[in-house]
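Listed next: structures, encoded as structure tokens.
Presented sequentially are two complexes of chain A, the first with chain B as partner and the second with chain C.
Our next item is the complex of A and B:
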């Protein structure tokens, strides 16, 4: 088990390194002149030259990559030429907002998806199953940005039920920085007013973001449950006179769930992609919006920081998922 | 019969109908659109849907229906280039990995893993930003990101095909590796790849539109659907048709592709029917 974990950890590090190298090379092969953009439109030639030198922009790409990896090796993500802050500091400020949004969305999508998948499989070909299939198809067909605009229009502007932008009400004090997750921090510090405000701000973006993972997980859970429910041991469990709930959740779901869990890493990748759109529409002060504006201003140190955080979180989740297989399915042994 | 109401033939027929309609509009848009994509009617600025302009007009008096029809050309053209090109690349890489095994398999699959851990949108945005926003950039950026899913499926299929007797027979009569890949393996991967690529068309259209919505894709005044949704955002409260109509066009065509893909999956994988 230990050797397996070490090997998987090594593979995960290699993948993260691969992501960093790929995005670095692609983003630095540009015909545009980032130094000019970073220095601003009123900058002098000396300022542009100084920036070029500071960021090694005159060097060939492989040398720039070498300097970046050396810097990364010493734990330094570099300085954003646009915000003039260390990228690490910027990410420290923006990452918790995105992680809070993404993790809640994946959680909601997984719970809802597994439940709907089970219901669809148990009532296979009934109206419930067909309805969930039609909703799923429509769900994956809706552009997230359109859904977000419509939800904003309905719930924020017309009905005035939920705030249309931001992470917390303007008149509400931010909770103390314990975990960086506002929901958790306000709960720990007992600030119920703040908690309610944060929850109201999270509701629309997280529900919308969870929709695509809900659809994916419903589909995969349904198809593996349909397969498992036709197995002999399910028949045996039923013929023993076990309650149907017990048969479905203890016997069938436990064997069907590994395919849904294996999708978690990929679901998280899709969700991080979605956060860019959701954060832009909802003015959410997170990494997705930070990355979107970094790409606009050719702020590559910031973009690289975002990519590094996303690929690291995805690698960690994939590792946890791999190790969880053994717990969920005792037949899997790690050699 | 009632039980299968949602499955066949209604939804799949509807799906095929929608896809054909949009392909027809994309092919003949300029001939059937009532106005040019950038024709400005200053007497009808921001006018609501009417007989003259069935989907209303935008802030420059341009007919939304005509722009949506021209837009079909752009969005469908992009995905009809991206999906086959990325699919071809992915299938070749995945099949080579599956058949060769060993170091080459490991290398190709680790590269696929790298691509799998970056969100599509971020990857395409980075490439688009580096090359500067344009239609050509969107196509290049999307092909760069899009091959990975095909490589995975093709590898899985290639490994199971490799174990079949006919591959053993081909090897026994001395067929070359290249012949085994192109003549015996890839043709047998067509079913699952076809299903995946039909479902993928929808995802690709959504990404093209999202890229333009965020400002990295096709630039105004080209009538791309995602860009049209962005342009209408400021008018959402009172002139909803500016954003909602192009948004509905995206939804309808993606839904159509997904219904067709879903039907094809039923045909090719009866286990999950």
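Our next item is the complex of A and C:
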């Protein structure tokens, strides 16, 4: 198990390096003029030339990549030429906001999805199953930004239950910066008012963002549960007189869940994609918006920083998912 | 089963519609002593030596101070700011400022001539847009401390617009001691990252909290040198809400007092109870269609003139821009104080267009299709292109209209890889020179002269106008500049944008400053 984990970690590092090199090369090959964009549209020719020189933009791509990797090797993510902020500091500020949102969404989506999937499978073709099918259809066919706007219209504008935008109410004090996760930080420091405000701000965006993972996991769980429930050992378990709950959650789900778990890594990737939309609609100060504006301004150091964080998180989650197979299914051995 | 799922869908949609129609009456829900402004995006930096965004400008205006201050639109006077008075030498090159005494920065440090010298030299040293304005455009040569409360600025040439530059945010005065404490090396070109997100000025509001890309919170600075007579708010919150629909809902529900609305959404906010749409101002942005004079077809002056005659100005103004812009008579914005009144641009006249093309040898049109680029997302410019395309077709010219992202366009304009580009220019100070310098040969390509026009006579005229000390003479020279530009026709002068402000009716004191946005100090609330 240890050897396996070590090997997978090594592979994950290679994947991350590959992603970094790929994105670096592709973004630098664009027929664009970053120096002009950084200098501002009203800049003079001299300013543009000066910036080109300062950031080695005249050098060939492989040389620029070499400079970047050397810098990365020394643990430096560089300085954004647009904001003049160290990229590391920016990411420290914006990554927790996105991770908090994404992780809560994936958590809500998986728990809800597995539960809904089980219920639909058990009550196959009943109204519960049909309702979950409608939700699934809505989930894949309604664009996220439309759903988000409709939800805002209903819950924030008309009913006035939840705030429109932002990460925290402006009349409450921000939590101390311990982990960067507001929920956790406000709990640790015992600021209950802040905790409630953060929760209220998280409610809509995280629920909406969890929708696509919920839908996927529901459908996968349902179909594998339906299959498992028709197998002989389930019949045996039932004929032994086990309680139905026991049969479903201990015997059947355990065998059906591995396909849902393998979906988890993929779900996280989709969720990261969705955060960009949610962050814009809900004014969420996260990494998605940071990366989007980095693309618009060709802010290479910021863009690469974002790629590094996302690829690392996805690699780690995939590793955890692989290790979880073994925990869930004792037949799987790691060698 | 299907009927059931349809039923459920109808139910959900119905619920949402009921929710929407139950919209609450528009009323202020923000605290009466707090002004809440939802803006479209974050400033990249709030360092006066780095800022190049309008949101940054709003912050700088209220947090920092300048030696001289501009009035709102329509008021051409200059007002004393951190300088109580000033003298201009006869040569128009030496300016002496007498500084206000007893002024303190927000952190308590005293304001002196050292801060002024430092702020100017720092912006120039950093060498970004703000520095360029002071250095290359205002032609500042030296900024000297005469004594603790006197500063002398000397320019390379006579600079009649210098005071206008000194009133702009690039000339914001920052606390030297504070900047150095935070590791600033601005004088050698290395600004401290700290100053990109923090501020310490002498303005009416101090920045007390800044969560980048989320919000700014400002509080009234009790020791502001201009005092707090009259009505003002105690607190200002500037929230970054990138989605327009969210901003609109915030305003309609009373959770925001003032919101940013883009041109294409203006019709949404017209005629809503409790929401004020003020369109009385005129912006400083003029839209031009650049004709690349280095391409085969467009290098011919007569062809460029013909294209100007083929442009249906009125139809484009009414159909593509729908009242969000006004006609333009020159390549100089109408809001500058030395505007050459009475000048006129081309009119739509297809007969003249045809005649000119014939004279140029293109009586049957041009075989190669032309492409007009515009910046992605600018729908009015797309419409402009599509309307113009029909006119050009009558002349035997094919026009393709294509959107392009700015980073890619930035490369195209630097190497001249395009024939036509619809893109505006704006001046960052209220003088004509802020527009005309983009027509100089030295600005060809990346520098803003996207027509790659190179004409020595025009260069000389532009320089002469800029340094003319008497306003009357200057206006006369600008008239000559206009005539020459019109004849050379490197652009089509499309229109100048109207400025609009959208806010709750409870907000009072809103003034429009085309050269530096709404000021927090002016506004207060009723009810």
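By our rule, the second predicted complex is superposed on the first by the 331 of 335 C-alpha atoms of A that agree within 3 Å, B and C clash if a C-alpha of one lies under 4 Å from a C-alpha of the other, contacts with A are read in each partner's own complex, and residues count from 1 in each chain.
Everything below uses one rule, namely that a contact is a pair of C-beta atoms (placed from the backbone, for glycine too) under 8 Å apart; a residue touches a chain by one contact, two chains touch by 3 or more.
For clarity, every value in this text was computed on a predicted model and none was experimentally measured.
State whether A:298 touches chain B only (first), chain C only (second), both chains, or neither.
In the superposed model, A:298 contacts both chain B and chain C.
Per the contact definition in the header, classify A:258: touching chain B only (first), chain C only (second), both, or neither.
In the superposition, A:258 touches no partner, neither chain B nor chain C.
Mind working out whether A:48 is in touch with chain B, chain C, both or neither, as first, second, both or neither?
A:48 sits against chain C, while chain B stays out of touch.
Give one of first, second, both or neither to describe whether A:144 is in contact with chain B, with chain C, with both, or with none.
First partner only, chain B.
Check the residue A:156 against both partner chains and state whether it touches chain B (first), chain C (second), both, or neither.
After superposing on A, A:156 lies in contact with chain C but is clear of chain B.
Report for A:280: first if it touches chain B alone, second if chain C alone, otherwise both or neither.
Touch status of A:280: both partners.
Based on the superposed arrangement, let me know which partner A:134 touches: chain B (first), chain C (second), both, or neither?
Both partners.
For A:231 in the superposed arrangement: first (chain B), second (chain C), both or neither?
neither
After overlaying the two complexes on chain A, where does the chain B footprint on chain A coincide with the chain C footprint?
Touching chain B and chain C on chain A: residues 30-32, 130-131, 133-134, 137-138, 149-150, 153, 157, 280, 296, 298.
Can you check the complex and tell me which residues of chain A touch chain B?
Going through chain A, the ones touching chain B are 11, 14-16, 18-19, 22-23, 26-32, 125-126, 130-131, 133-134, 137-138, 140-146, 149-150, 153, 157, 222-223, 226-227, 265-266, 269-270, 272-274, 276-277, 280, 291-292, 295-296, 298, 303, 306-307, 310-311, 314-315, 318.
Can you tell me which positions in chain C touch chain A when the two form their complex?
1, 4-5, 8-9, 12, 15-16, 18-20, 22-24, 41-42, 44-45, 47, 50, 52, 127-129, 132, 136, 191, 193, 196-197, 209, 211-215, 217, 237, 239-243, 245-246, 249-250, 252-253, 255, 405-408, 410-411, 413-414, 426, 428, 442-448
State the interface residues of chain A toward chain C in the complex, per the touch definition above.
Answer in residue numbers: 30-34, 36-37, 39-48, 50, 79, 82-86, 89-90, 93-94, 127, 130-131, 133-134, 137-138, 149-150, 152-154, 156-160, 164-167, 170, 174, 280-283, 285, 289-290, 293, 296-298.
Which residues of chain B touch chain A once you look at their complex with the stated criterion?
3-7, 11, 110-111, 113-123, 125-132, 144, 202-203, 206, 209-210, 213-216, 226, 229, 233, 236-237, 240, 243-244, 247, 250-251, 254-255, 258-259, 262, 271-272
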